[in-house]
Amino acid sequence: MALFALGAGLHEVVEASLVGSILGTILLVLGVSLLVGGRKRDRQRFELRAATAQSLMLLLATVALVMPAIFQLVAGGGLPDPTAKAVAFPSNLQALSVGVAVVLLASYGAGLVFSLKTHAQLFNPSHDEDEHGGEPWSVRKSVLMLAGAGAAVGWMSEILVHSITEASAAIGLSPFFVGVIVVAIVGNAAEHWVAVYFASRDKMDISVNIAIGSGAQIALFVAPVLVLASFVIGPFPMALVFNGFELGAVFLAVIIANEVTQRGESTWYEGLQLLAIYAVLGLTFYFV
Amino acid sequence: MALFALGAGLHEVVEASLVGSILGTILLVLGVSLLVGGRKRDRQRFELRAATAQSLMLLLATVALVMPAIFQLVAGGGLPDPTAKAVAFPSNLQALSVGVAVVLLASYGAGLVFSLKTHAQLFNPSHDEDEHGGEPWSVRKSVLMLAGAGAAVGWMSEILVHSITEASAAIGLSPFFVGVIVVAIVGNAAEHWVAVYFASRDKMDISVNIAIGSGAQIALFVAPVLVLASFVIGPFPMALVFNGFELGAVFLAVIIANEVTQRGESTWYEGLQLLAIYAVLGLTFYFV
Amino acid sequence: MALFALGAGLHEVVEASLVGSILGTILLVLGVSLLVGGRKRDRQRFELRAATAQSLMLLLATVALVMPAIFQLVAGGGLPDPTAKAVAFPSNLQALSVGVAVVLLASYGAGLVFSLKTHAQLFNPSHDEDEHGGEPWSVRKSVLMLAGAGAAVGWMSEILVHSITEASAAIGLSPFFVGVIVVAIVGNAAEHWVAVYFASRDKMDISVNIAIGSGAQIALFVAPVLVLASFVIGPFPMALVFNGFELGAVFLAVIIANEVTQRGESTWYEGLQLLAIYAVLGLTFYFV
């Protein structure tokens, strides 16, 4: 879907959906997971170092978003308007975007080495599940859920991208709000479902990994791949320059996700606070 | 006092005193408490999760301050001047402020459920005091201190608000400095006194709760109530749009308060650092 | 070298090298140390409270950089251009800079009391080394290394400052990039060498102290001394107003260094993330 929008030159729609997906995973999905998981429990614990590695990925991504924006502001160009469709930036900003995209992809690759090889035990706490029995079924069940939800999401996304203009015009929502909130909620339905399911079974390691990990994956893998792809697909390259709302929202959300995950335990109230922050961001986007 | 200023249409004075109260509690009151409490001790410990819940409230409040400001900046309106008395904002910014105020109040209400019901034991470490004996007297004493200081503060505030213009003109202080620093120090005298008293007795749980909790209460309860009240009282509604100094100061102070409270222990040097930060902010405000 | 540039009125060069040194120590030196130290180890531990005290110093320094910038922006003056040589600011901004410099120096002095007197045991974990034996040699060796590297650095710096314009013109690098990246890497060679050496021997306490401590020393001691010295040396006083790139980079780097050091343990991946962030900043500076 993102590639389709890229081909059509709708850079701002692509960027809004990237930001929306990051906000959706680290505020909405994590918030609902902590809230549902912590409902009848005093506290829930999760592996601190896995969460920290992924939160750091998000901080790296924040630096990668903020510095090109400062570049553009110092050059006197101004950030793109949220109602624009696509903005062409000077060639040095495009070169900077490519360089930053390569750094992000390299860091993502190193993160795979970290999570799959050198510190795989942090991300795969299978000893936990051995104690309960029946976990092969649980894994198969979760894979089936994931596959089912994924198929549903793909189908819904396809509909969405075709009807995005009509739907938003009909209900009176701005295209920006639809891209950054509505599309993101639908697009993260699979992660959402699975993360909340595991949170309610007190498997917060898996929940937090899904929520923060999905956000990190979008920021360090999907976003740079789209930047590089934009040199081949579409009318002109996409630069990593986001508008003021997107920058402020991602920056604040990442700082807050770091604060929430860094103690390795959570309560329902922290989940509710994440949802309140998502609500404030959503309200602001609604009035854009 | 805030309602009085609201009735007179002095929105900027109200906002300065809100920001000043938040800065005063989380930098000055907390700083003096950590400094005095840590003077003859290697370290002081406090309940981590109670402090975290309240620090998160402050982060939510920061989002609620920053997003409307971005809204105003992207719309090309510019932030209010620190020397202005009141600024009228477009109606969509007022609607946004009301929506954000409702979210903040809802989160504050949920925080009461958290601190009084589901996790009351974190905020009421009475088992600690049982060990020492004599705590009924201590509670009564602290209530009396609080009542006495509160009465004194109310009387002083009344004087202050009437003489704010003359006093600042006489000493050569700008109204902004008086509102954000002088009024806040006087207004927080009660919290200040009690927090330092408990810190010196190594009851950091109570001290940190008073300091961070007061800041959170102002941000999540007093501020949104004033926004909603401004639709009834005063010439025109007050929007949640603060000036650049207020935004920068609250944002940095909240980030730093989070860093200080998140380990559940403190030293005198951390208190001194908070005071140094308060001094830098005060100096900046002095030259406005 | 900084005093030389100050005498020549090259304020922006001085400020770029200050920012470059802070970024170099807390991102590059710390990053390489964590990466090399964590290469063959699951995790490395270090004393949390020593690192926290120094990270807080960096946060104080950030406040001291950001507030004068807000002052300048609200006054409508605009931040200095990265290609400027020196900018004269209004006298109230100079007075503010002096006041902030005095607060920073006072906080640095209190930090010495903290690290040398009241909490010296945190910064001098000699009990650790007793277990290994042979530590007198190790200390002598490290002092010799430090002296040798220091002499080499002094000599190289002298060459650098004389040839900075020619070199940058010849290779096509902008003076800003040379000041903020090249000079800083050379200037921190000594700290770099020693920090990585101790990290590889799993003495992370010393490594983290060198990296974060050097950054804090530059921010709270070197920078304010240069501001005060600029009233005696050079054509006109230097204000603490940095350009947008410097502000954004220091702010983000300090936040991230805080996140990395606050758990008291590290992995190789965190080191690599710090290097990735340094790479993104370097790329941005390259295109300025």
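So that you can tell them apart, the chains are marked A, B and C in the order they are listed, and the count of residues begins at 1 in each.
Keep this in mind: a residue touches a chain if its C-beta (ideal position, glycine included) is under 8 Å from a C-beta of that chain, and two chains touch if they have at least 3 such contacts.
Computed from a predicted structure; not experimentally measured.
K.L.:
Treat touching chains as neighbours: how many steps, at the fewest, connect chain A to chain C?
P.N.:
1
K.L.:
Regarding the chain A and chain B pair, does the interface count as same (over half of residue numbers shared) or different (under half shared)?
P.N.:
different
K.L.:
If I superpose chain B onto chain C using their CA atoms, what angle of rotation comes out, to the nearest 5 degrees?
P.N.:
120
K.L.:
Let me have the rounded angstrom distance from the C-alpha centre of chain A over to the C-alpha centre of chain B, please.
P.N.:
32
K.L.:
Could you tell me which residues belong to chain C and also touch two or more other chains?
P.N.:
255, 262
K.L.:
Report the residues of chain C in contact with chain A in the complex, numbered from low to high.
P.N.:
For this pair, the touching residues of chain C are 42-43, 79, 81-82, 243-245, 248-249, 252, 255-256, 259-260, 262-263, 265, 267-270, 272-273, 276-277, 279-281, 283-284, 287-288.
K.L.:
Under the touch definition given earlier, write down the residues of chain A that touch chain C in their complex.
P.N.:
Interface residues on the chain A side: 48-49, 52-53, 55-57, 59-60, 62-64, 66-68, 70-71, 73-74, 92-93, 95-96, 99-100, 103-104, 106-107, 110-111, 114, 118-119, 255, 258, 262.
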